[in-house]
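Listed below are the structures to be examined.
There are two complexes below, and they share chain A, which is joined by chain B in the first and by chain C in the second.
Right after this comes the complex of A and B.
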């Protein structure tokens, strides 16, 4: 209990910090405190960290520090969009499938189970390959990967709640299926979403980075951690470490923060459930 | 229903569903690649090619047929194990895959062994004193190994062990300039078979960094699973009974709790396969390990549709079949599994 609430709190701090960076960086760039992320012609290339460039410069002379900072805004945007889409699609389908049951349910379960078996990265690679580069494209490629997870959780819970007495009562009072789904099922099912959402967001940051690393996902000029790391890879044999260390560290800490938040929330919720059951 | 019959029914259902799943995967990949924007003909010839050349290539690839015909031809060939030809290299896709697969399997298996060893060590040391310091750091280890971007971990390990210390090669699978033994495509095995010790040493030196990177990253899953399961079994009645008979805690853990905690590990193994595949894809590219992922990336960059299609279908099918096998084994040996 103690550990989980501390984990959730630290996770929330880290995520809040990233949100702050995402908000503040564009302002700093706009008023000229920080240089532009794609501006590098005037700078020496592969310059080690110095007072002028705190994290050094990359192959094109661009400031690694600014690119890393701007990356947090980019990652949060894509991931937020992807996870929201997945919830908006996965939850209704899950409720409908679980409530109606029958052959429609069996069909949807088979489709979703198949999607679920395909490794996340492989599926998103195929989708990103097809959809092309850009923030909405990458978000769609990521969201398809997470829809089955919401579907599974929501569908199973709906099937459970459906058998409860109060749903039966509502139906016997003449409530239609849409009313029941919205009024009674959604509210009961929605409680499990926040934990899954946070953990999926953590995973999505990694997958987005993986896509960028493979040369997919966002447009080349966008400062994205994964694609910057791919660029850093070619400089590794010469011992240039600063282009690789900072974007990766930023990604690692964000994933860590989101995972702490998600796992902490999960344990807090399961503990509180136990108490209310007693 | 008796347990034997139940098990038989479960096995039959799973076996019947598997071809449907494989068919669904193949159809999805086929359909996705056809509705995708971008013409494969453009990818090969460039957008400035003459109309005659385009029509000819279109006919050769079967793209002038109606979609349904293309689909049926694709399915028929797939059933015969024919995945088509690469657009760029014009090699059969199945040959491209079978040449790249041994390298990937060699890396995956070594990583899996390393991850199980480390995961067990971490999980065990945590359970000795639950909620203690070691336990706490074990949990942090579990989450951190999950949160590290695999390619970043790989780059850091390269920078430290290969570039700074110079102990091991940065990438590749075999020392350049040495002739690799060619029997099965599995270099470690082949070196043993041919008794070639220099080759064995070279192959092992190249394998060590990528395999341990991936192994460490995956070990978190095992340590967490083992810890959770051990905690649960340590609270169960039969362990309590063993304790009350005065058996030492060490004996209780090793003889009474561990066997019960091991079974779910097999289930975890099934789940890990998906993460393993994702990890292997990224690790291979970082270490330029000449396996299936490197071919996939190459095909993606060249927009070589048949190769992308073939590799994705084959990997996804492998995952489906492996998880099927693991689920069936678990169902057969664990009387508690309900289906």
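Right after this comes the complex of A and C.
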């Protein structure tokens, strides 16, 4: 089998695994199989992995295993919201800008390019600081970062497709601009979106972790990999590795899975494009 | 050892297939071309013409199996080493492609292409001698040596094809293969290019294998002709004889299709009410440049007037760049009109408000040249045909769906329920053009504009589409504005023809009159360059 489809498949497995964990963990916590994520008063602090606490406990005696598992749900929620928002805003603006062109197009491109020049982490840190903490706030802070990417891809593709004969044919049939954008352009310009979406999701997981690490983004009570890593940092030199390894590994694997999925999809799409062109 | 004297190409029971498919694309070819001979290979699309050209030069994907004898001046290219094979390509066989632009390196000058080729084959010669030779080659195909440093994008289609000829002939090959060399060129240029190609081949004594789907052109330039179908030569003989009296079944269908396309005589003119009246229409494109002073204009259409009656077909003929396409676009509202008046069913289009204008324009629809490009690749055929109804909110989804079935049957695509679910890329060119016609008919138009609607199809599909248009015209009383560069097609199809040049009408009248007594020089040029099949009584 080709490496691209193998990558896409393994990426899909990993992401599906995380989705499963995100769904199942709250249920297990509710029925009492797993302890509460923020409950640590009755536990010893910095307890190494044992049968009672599979991944040990942290500085406050909280179970690292549960916090890591719950963190996946939180990360997926924020990332999903952020990327969806970015697509829902970026794609329509891109199509409008590309199709209508002229000064509106130049103005939007200028704004988006300006946004694009600001480093991702800096922009999201500033936005997260301004918007305050919480899942929707973090999602908005992340989505602003990704809108220009969708805008760019979609705008350029639209400008290309709008010169095609079938768009002219639709105009000669009497179709208005909205109709053309919806029925003739949309389907032809969103082909590269799935790839960008998964790759951005991988990136967003890292940025969210960065925000958490800096103490921004989510509320303190929400178990989040970034903030856990920050807390674990001070204890690592004393040989307490488990508080850092498990959240770090979880983040690494999710990013890997999403990147695999994105890269694999990209390869598959360019291959299928070649075949359909033949 | 095989004796090569006097034979440029010999095929003996030659079979070729692609490695992925079990079918032989070429199945037992027996074919011979003598040195200095001019032979045409014709056949319907998909019969294996282009595969043969590639097989001769061993340009097919590696590992494509072949059997039987293949000899180029006595050598079997399959037995040669890669180095010798490269020598053979170019030195013994020159190839001319259909679209020259895609075969030229856009970053290399015209002269650079020639120098590169000469150097690859004669590495020992000096630069100045190569340059001299390259300049001579350019002059030989009618390109001034001043253009030595020009880039391919600065050349027109005809010039590029001339360069293609120069490249193919640079090393005086014994055999030149031209694969549809003029398909992407307009009539007049095509004629000049073919004349150049033939005279050059004669001069250096090369044999020419012309691969084409155009029987009339093949007959005009080649003394011998072979018809290929299903990977076999089904008929071979003197061009004139073969075209007048074809023996094989494929030959008969091809010749009949070509004749049907040409149309023997101009159809009778009908007397009915006028549906479209155009008076002094002007459509100019502004040229950017000066900030002050009078604006510069390209007068693409200037003072064009005509009338179109119900059930009448009006041909608009001219060379490329004469304003044919701008005329279409202006009438359909895709290009702004600068002046004049357009009266559609007694309504002045130019004075109407945009809403009313859109409504009035429903009765004027257009069929484009390239059917595949004019359909949205992500819409099924059914959706494409019903879309106009949804755009103008005339019918709901269900009604539109039914209407599209009915229209598909009307244009001869049955079972309609099968075609409705297809995507454009799954259909052939002829079928797609039927779909495009069906879509244009969805809004029950009174006037249909066909912009080169048949020129991209092979002769057989062309004839079929013309018959379809004729039937629709008789049944629905359609007025057709038929735009073409091919005077012979227009003569057979249209009641009246106008000849455009530089945006003006230079001549008008029934096609047959134009053909027999052309007045304008441009008409004469069109007639000369337009190859026609030989008639029996001539």
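Assume the second predicted complex is superposed on the first by the 277 of 278 C-alpha atoms of A that agree within 3 Å, B and C clash if a C-alpha of one lies under 4 Å from a C-alpha of the other, contacts with A are read in each partner's own complex, and residues count from 1 in each chain.
Assume contacts are C-beta pairs under 8 Å (C-beta built on N, C-alpha and C of every residue); 3 or more make two chains touch, one makes a residue touch a chain.
Because the structure is a prediction, the values reported are computed rather than measured.
With chain A as the common reference, the superposed partners chain B and chain C fit together side by side. By the touch criterion defined above, A:136 lies against neither chain B nor chain C after alignment on the C-alpha atoms of chain A.
In the superposition on chain A, A:256 makes contact with chain B only, not with chain C. Once chain A of one complex is fitted onto chain A of the other, the partner contacts of A:164 are limited to chain C, with no touch recorded for chain B.
Legend: residue contacts after superposition of the two complexes on their common chain; A:44 is shown touching neither chain B nor chain C.
One of chain B and chain C touches more residues of chain A, and that partner is B. In the superposition on chain A, contact of A:114 is made with chain B only, not with chain C.
By the touch criterion stated above, A:183 is placed in contact with chain C alone, chain B being left untouched.
In the superposed model, A:172 lies in contact with chain C only, and not with chain B.
Superposition on chain A leaves chain B and chain C with their closest Cα atoms 9 Å from each other.
Under the contact criterion defined above, no residue of chain A touches both chain B in one complex and chain C in the other. By the touch criterion given at the top, residues 3, 110-111, 113-114, 117-122, 125-127, 129-132, 202, 206, 209-210, 213-216, 225-226, 229-230, 232-233, 236-239, 241, 244-245, 247-249, 251-252, 255-256, 259-260, 263 of chain A touch chain B in their complex. Contacts from chain B toward chain A in the complex involve residues 17, 20-21, 24-25, 28-29, 32-33, 35-38, 131, 136, 139, 143-144, 146-152, 155-156, 158-159, 162-164, 170, 273-275, 277-278, 281-282, 285-286, 296-297, 300-301, 308, 312, 315-316, 319-320, 323. By the touch rule above, chain C contacts chain A in their complex via residues 332-334, 358, 361-362, 365-366, 368, 370, 373-379, 387-388, 391-392, 425, 436, 439, 443. Across the complex, chain C is touched by residues 164-166, 168-176, 179, 183-184, 187-188, 276 of chain A.
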